[in-house]
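Going in written order, the chains are labelled A, B, C and D, and every chain counts its residues from 1.
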């Protein structure tokens, strides 16, 4: 479970984020400019129509796009979300969510990344949401 | 606690949304084309820097913009989020969040609404997030 | 036609922007954190259905949100668009467009602003587009 | 230059769009769910810093995402932009712009598509803008 300083920083980001941890977001894999996560859904993630709640899809999408961005900043730096747009492509009927984040462009002050959320149901996978993110590079104030 | 059919529908939307209810989002007031909510923050809403988590701000903003939209559809119809953009204007240091949603334009098939999230801390209030939303009008499948 | 250093900078921004000038975008008024513009439409602004083209609405909305942002930066600084979201609320049937931009939050590195585009037709005015913008503060490289 | 009914419709969309044609946007290729365009830049496309104007990048990105969407609707239908988000990843220093649009999801009423704009300069190509689009399916009113 070694990795570059950046990868270790992203692992720490996930470990310290109580909100997404309590939600059930797991960090599955990451590398330079990308990050993969997943979440096993239960009733607490669903809304009135039985679909995964828009805010749950957002939480995993935002955190994964941020994880991808975090792999590209130097040691001593951190990332913070400036804005996100999320499009809901289909209702999410899911046993499990899978998410992949990728960096489009990393700069000294700003990073642009994206993430795609897939709903996995009875072994089939469908793209249900896509997020487009702007992040700012800030000083790392944790640990 | 009477109201138009639309207002009753939005009250039902809030009552049935387990995810936002568990988060602590309260419906405070609503009228034709607008909706106001609030949330008393606790440690479970915060991220690693002590600020309210981006996904919590999103959840209240999305739900409130949706509530505002819901007040404008005829009986028998419901609304579903198509896409949202949220801008994070400042880190949210808050005892309480207050949110107001407003409809910009309501149509037969699509509704455009917005919401603003304010962080309330020691009696002072700051605008911390703004959401811009597109919603689709669908058949009401609940109740 | 005097004004603060910032106002003069925004007037210079408009004067030097050939693309929007050729399009017909006029700077009507500006103050601290806001900017108003207009455009008299002609056939060259219309698309295949006779409505003002989405890209024309975008051009005036982007430029006006940028003008509002520009009024809030110190002398020697300039602004550049990081990202925009624009929602098209109604088809724009217009003799003239009117646009107002406002700053939501101005910071050392980033500015958040918005603009609203109104279509004026036979004396009546309708909100046709709303833009939400993130801008970066950069060194002013134009004299 | 044959093609499916949809492809012919998209060719007609481009032929009838005076604004983008006057701007210099050329339709290069298209297929089911995708569209490619280009634009040879000149001084009229540049802003005060010598870069291609944000509104020009937007115009080609919007039109190409719309072209991709247009290939997926049945005969007798057309598409109209509901909202777009565009992120400006780098300043666009370009002799030529190249753009590719792709559909993420096509439905009966709504289509989600994306486009990427590349700046080509001295034979080198850089991704300079990415657009994320929601479109509505409407009746085709142009023969």
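Methods note: a contact is a pair of C-beta atoms (placed from the backbone, for glycine too) under 8 Å apart; a residue touches a chain by one contact, two chains touch by 3 or more.
This structure is a prediction, so every number in the text was calculated from the model and none was measured.
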Which chain's mean C-alpha position is the greatest distance from subunit C's? A
When I count C-beta pairs in contact, which pair ends up with more: A-C or B-C? B-C
Compute the distance, rounded to whole Å, between the mean C-alpha positions of subunit C and subunit D. 22
Between subunit A and subunit C, what is the separation of their C-alpha centroids in Å? 33
Can you compute the centre-to-centre distance for subunit B and subunit C, using the mean CA position of each chain? Integer Å is fine. 28
Going through subunit D residue by residue, note those that touch at least 2 other chains and give them in order. 82-83, 85, 87, 134
Interface residues, subunit D side, partner subunit B - complex: 82-83, 85, 109-110, 134, 136
Contact footprint of subunit C on subunit D as seen in their complex: 13, 16-20, 22-23, 43-49, 53-56, 58-59, 62-63, 80-88, 91, 141-142
Quick one: in the complex, what on subunit D touches subunit A? 85, 87, 89-90, 104-105, 112, 114, 127, 130, 132, 134
